[in-house]
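What follows are several structures.
Two complexes are shown next, each including subunit A; its partner changes from subunit B in the first to subunit C in the second.
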Partner chain A sequence: MHLDPVANMQLLVSGLAIGSIYALVALGFVLIYNAVGVVNFAQGEFVMFPSYIAVTFLLPATAVFGTLVHWQLPVLVVYALVLVLMVGFGLLFNRIAYHPLRDRGWLPVVISTIGVSIFLRNAAQLTWGSQPIVMPSLFTVDTIAVGPLHIRPQDLLIIGVTAVLIAFQYFLFERTTLGKQMRATAQDRTTARLIGIRVGRIVAITFVYSALLGTISGLLVAPLFTVTKEMGGLIALKAFAASIVGGFGSIPGAIAGGLAIGVIETFGGFYISSSYVDAIAFIILIGVLLFKPSGLFGERVAEKA
Partner chain B sequence: MKLDRKNFLATTGAAAAGAAIGFPAIVGAAPEPIRLGLIPCLTGSNALLGQQEHEGATLAVEEINARPDKVYGGRPFEIVEEDATNDNQSAVAALNKLLGENIVAVVCPVLSTQVQAMAPVMKTHEIPWMTGGTAVKNTQLGVPGMFRLRASDGITAAGMTNFAVKDKKGKKVAIMHASDAFGTGGADQIVQNLEKLGMKPVANEQYPKDAKDFTAEILKVKQSGADVLLMYIQNPSDTAIILKQIKSLGLTIPVIGSPSLANQTAMEVAGKDAYGTFAAVDFIVGFNSNVATHFLTSFFRKYHHLPDVGTGSGWVYDSMYMLADVYKKQKGTDPKATIASLKGVKNWNGVLGTFSADAEGNMVHSVSIGQNQDGKLRLVKKVSG
Partner chain C sequence: MSRKPLVVLALVVVLALLPVFVHSDYVLTLLDLAGIYAIAVMGLGILLGFTGQMSLAQAAFLGIGAYTSAWFTTHLGWPVWPAMGAAVALSALVGLAVGYPCLRLSGHYLALATIGFGIIAQLVLINWKSVTNGSDGVTGIPPPQIGPWTLDTYGKYYYLVLAAVLVCAYVAWRIKTTRVGRALHAIRENEIAARATGIDATRYKIIAFVLAGAYAGLAGSLLAHDIKFISPDSYSFDQSVVFLVMLILGGSSSITGALVGALLLTMLPEVLRPLKSSYIMVYGAAVIAMIVFMPQGLVGLFAALRARFETRTPPRAQAPAGSPGPAGAPEAEPA
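Take a look at the complex of A and B:
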């Protein structure tokens, strides 16, 4: 297949857009892992559940428990409402799925997150049914023609919002007391507690922040992918791979890993075979685990010990 | 009477004892129901198909049980349902559980991959297996009593290919399909039909399960110079997302799809992005019999939404009515006798058209090519296999 610069640009934009979503969800994984030392397997449902809530309030009619509801609130009101609800969701998740099990080791917590994931998927099916739901886009046009390129405004929005969130995260962790407390808690919870940081509160904030990252990811991809109860599953799987490729626990690693997997699988699908898109992501993962087990940005195990 | 704890226990105890003595006599008088197995994908990523299967079966059984002319020996139909979920192992487990439930026939999941996974178990039980799975192989698995109540992929793919080449004058045909048994089987059939016409596809793109971004596949089709695209996909959500991305990436060639491209859900979800597309379908609203009109009306009245007739509810509804007619005609529910009767079905009228069994157990032998015109599917032509 010949190298086509227009196709390459098109692939790059799509790859960066999907990679940005992987990066945002991977950040959620990493933040929770750093704060409490477990992988949250309900991270994909942090993407799916708020998307369903958003379409319920956005659309002229949505079937909830088989009954049509007619909210149709303005977009910005809905986005604000969903973010507020997901703050509560993050706190509840922390209180129910993590807090009661926090002193029993990592395995019960991981199983608890898997349980929440299954519960949320089935709750979504019971509440909204199996029908895929279309979330309206913020844009009136599907594509913008830039020369021979067809660019989706939604892709540009995804890339832009991700860039802003990364900048915000840098500011939060480097320049604010809260961010420093979160970093201190991530590095050593006992010492953090000894110097007066309210670790329980910081952990709760971390769950909330992680839920909000998932919410933003969901609101960004829903207009492209439709809202289904499965929408978060594959994204979370790739994001998990991305966080390992980047170095589990590393924030820059999660971002770089997400973007790299998005771009490489899109180009791989075009230049190698679309049949192997998923395989490509996981071949990268295996390669990194074999040759650089700590990931691209991860600390060496000896240093961490 | 004062209702204290002692009196309450005495009263309820007496009632329970009375029921225990009297109830078997009542049960003994009631005719034994005819138990039919149903294995839809009620959970997982194909739950939409399973929900439609469940709805079609429930509606048919309610109607049949209310009609003395359809109920054999006063014995009502009873559905025994197990969830096939989204994977083959669960489907096999569900089947094994059903087989211990004293059932006389089974309506299988619509997913061919699950039907094929269940085949080794099905071979050991001589009961009627009603399927809507369209992979050609389903009726060639050596399962006695397998009957397909929809057109096979062989007929659908031949119809799509001939329409693309002969009617749309396609010289460079591209294929896009899912990686499951349905998608790969259908794509193989298209390739075979193209070979019969002395052609090869200029692109044959398979996407992995649960994929959400199809930029690479669509760009490859675009770069191949294809002048017509054939899509073989089961999942209506995938179909809708692909149509959206085809439009956004500026691919403007005619698109001809398998039945799910024109099912109710895909058309609703894809909206304007599906306008102008063609599909080979089992069923087009407005071009069918009184049976179909009755089905559509009753379905909408009961569920407040339209059915996905071909892929979802119609074939299940037909399965139930066909079994009811056979039981009534043969005056019994013996599974072996039912298989023999089903093999003799000829010109039986159902929602999806006229059914006649061939030697393999295929009951439907034609499809229609329809075009989505402003959200409504319009008949273009009928194609026989």
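Take a look at the complex of A and C:
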């Protein structure tokens, strides 16, 4: 292992960027888990689906159901459109996959979210085909020089947007009534309902918020990779791993876990093995589960009787 | 209830005579596959249905069984039967190795840890080229022989699969109806209460993991010697999900349910073939509909219908909220 400070700094920036994506998706997991006590296995599709919609309107021509369409719109209009659509998506998801099963324990909900995930992946393949689609970047250059470093501007954008979102979330949860209602619902639904919080509505808002976090991560990460039906799956699994490494249910834990996994994975992929790069997150996960199951910021893991 | 052994016997006779009437290789292949999947699903049933421990790595165990069998026969030139034994033993051992650290986990944590294990296992299958031949897979896996007979056609192989399914179903039924099964059931319903009554929950959960691994290992080995070619993409997370759905569709703590679920969902893609590429989408939608409208699976649905017709039988109780799965109301499930 050669210690080249420039290379290591570049790895650190890319690691923090991909880690930010894991952190955003992990936040989506944790918010839903705190609100309703289930893990949403379709969280990856909250990343994949809006990315497909975005490329359909960003590119001059896209194949939809095998026919070329020319629906190109200005970038900001596309982003706004995708965010609005995903609000509807979050509401619909809550209505179909969670709401009918809300009183039936966690396993039925897990299976129904897996069902949604299968449905959406294959709906995407049917609509947009199986070829990966490249999302145009907002930037005209691949890398910019910062001192001796060559850094992708997209990485900086990802880190910046993530920082803003985390600040926004802090403000939302600490300073607004809505945020306080969301926290109360997460803490104790029955008591929240008793003091007049409309729990059903808060749960729906949580699903929408989580879908929007997924959407933003998708729009941010897609220019780095490509848009495929599989793009969300692995990101979501690693984000889930990140949220457990950080301490499940903990918001700072999800952020720290996401960043840690992104950085370790990037260094591991460079210095140890690029073939096993996707295993790194899960090896860390299993290690954490074995030796400190409550995670970095965790509360207790033991289940109630 | 006393008619039950007769029904089972009649069913076995019909199944045994099936290749006499069905000559289509296509149908026989599917039946072989359904039987093999049924074994893996029964293994998952012991873990999830009986014990309430979620696993999304069943396909990875299938892969371990398949590759072990393939390696022992093609690399070391072992005959098929000891290779099959090695496959079962190794999968069971890995089940032990995975089950042990997973003991303190339950629910979502367990689901995720098993997904993580499944992904690591698949990456090993793809990248450990000297043993697994990477993404190209292993070819030329020999068929098993019984004395002078080589089970080289799907029709002949069908009998081997049928025998294996029957043995596995019998073992699962014995487990379910004896002391071990009652202990597993108690752990599923309430682990803390089970411990309080003196059940060694740690030991029984490990037993369940080992059995699930062994069943999947056998299924994987049978699959390898049936289709004679294996590659890593058959043992993905998606396949584990398919096994889970088969189990839930059938009725998660019922052995009959595991068999029915495996058979139906192996045939369903073939029936949906006219829908071409949209069939998996329909499949996803069906999963949601099933879980919303049919929480106890097909077996539970039939039991409910029967209860409705037999007026003396009181209607079946709903599974309590927060129970570890759609499994519930044990008095209503046939074994």
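The rule we apply is simple: the second predicted complex is superposed on the first by the 298 of 305 C-alpha atoms of A that agree within 3 Å, B and C clash if a C-alpha of one lies under 4 Å from a C-alpha of the other, contacts with A are read in each partner's own complex, and residues count from 1 in each chain.
Just so we're on the same page, a residue touches a chain if its C-beta (ideal position, glycine included) is under 8 Å from a C-beta of that chain, and two chains touch if they have at least 3 such contacts.
Note that the coordinates shown come from a computational prediction; the quantities given were computed from them, not determined experimentally.
Superimposing the complexes on subunit A yields a three-chain arrangement in which subunit B and subunit C clash.
Contacts of A:Val87 after superposition on the shared chain: neither subunit B nor subunit C is touched. Contacts of A:Val134 after superposition: subunit B is touched, whereas subunit C is not reached.
Of the two partner chains placed by the overlay, neither subunit B nor subunit C lies in contact with A:Leu156. Shared-chain residue A:Ala184: touches no atom of subunit B or subunit C. Touch criterion met: A:Phe225 reaches subunit B, while subunit C stays clear of it. By the document's definition of touching, of the two partners only subunit B reaches A:Asp142; subunit C does not.
In the superposition on chain A, A:Met9 contacts neither subunit B nor subunit C. Of the two partner chains placed by superposition, subunit B and subunit C are both touched by A:Ser275.
Once the two complexes are overlaid on the shared chain, A:Thr266 sits against subunit B while remaining clear of subunit C. Overlap of the subunit B and subunit C interfaces on subunit A: residues 122, 125, 233, 275-276, 278. Touching subunit C in their complex are the following residues of subunit A: 33, 38-39, 96-97, 100-101, 103-108, 110-112, 114-123, 125-126, 233, 237, 240-241, 244, 248, 275-276, 278-279, 281-283, 285-286, 289-290, 293, 301, 303, 305.
By the touch rule above, subunit C contacts subunit A in their complex via residues 54, 101-102, 104-109, 111-113, 115-117, 119-120, 123, 126-127, 190, 192-193, 237-238, 241, 244-245, 248, 277-278, 280-281, 283-288, 291-292, 295, 319, 321-326.
Here subunit B touches subunit A in the complex through residues 43-45, 47-48, 50-51, 179, 205-208, 210-213, 215-217, 219-220, 222-223, 236-237, 240-241, 244, 247-250, 265, 269, 271, 304, going by the rule given at the top.
Note for the complex: subunit A touches subunit B at residues 1, 4, 7, 10-11, 14-15, 17-18, 66, 122, 125, 129-134, 142-143, 145, 150, 152, 221, 224-226, 228-231, 233-235, 266-270, 274-278.
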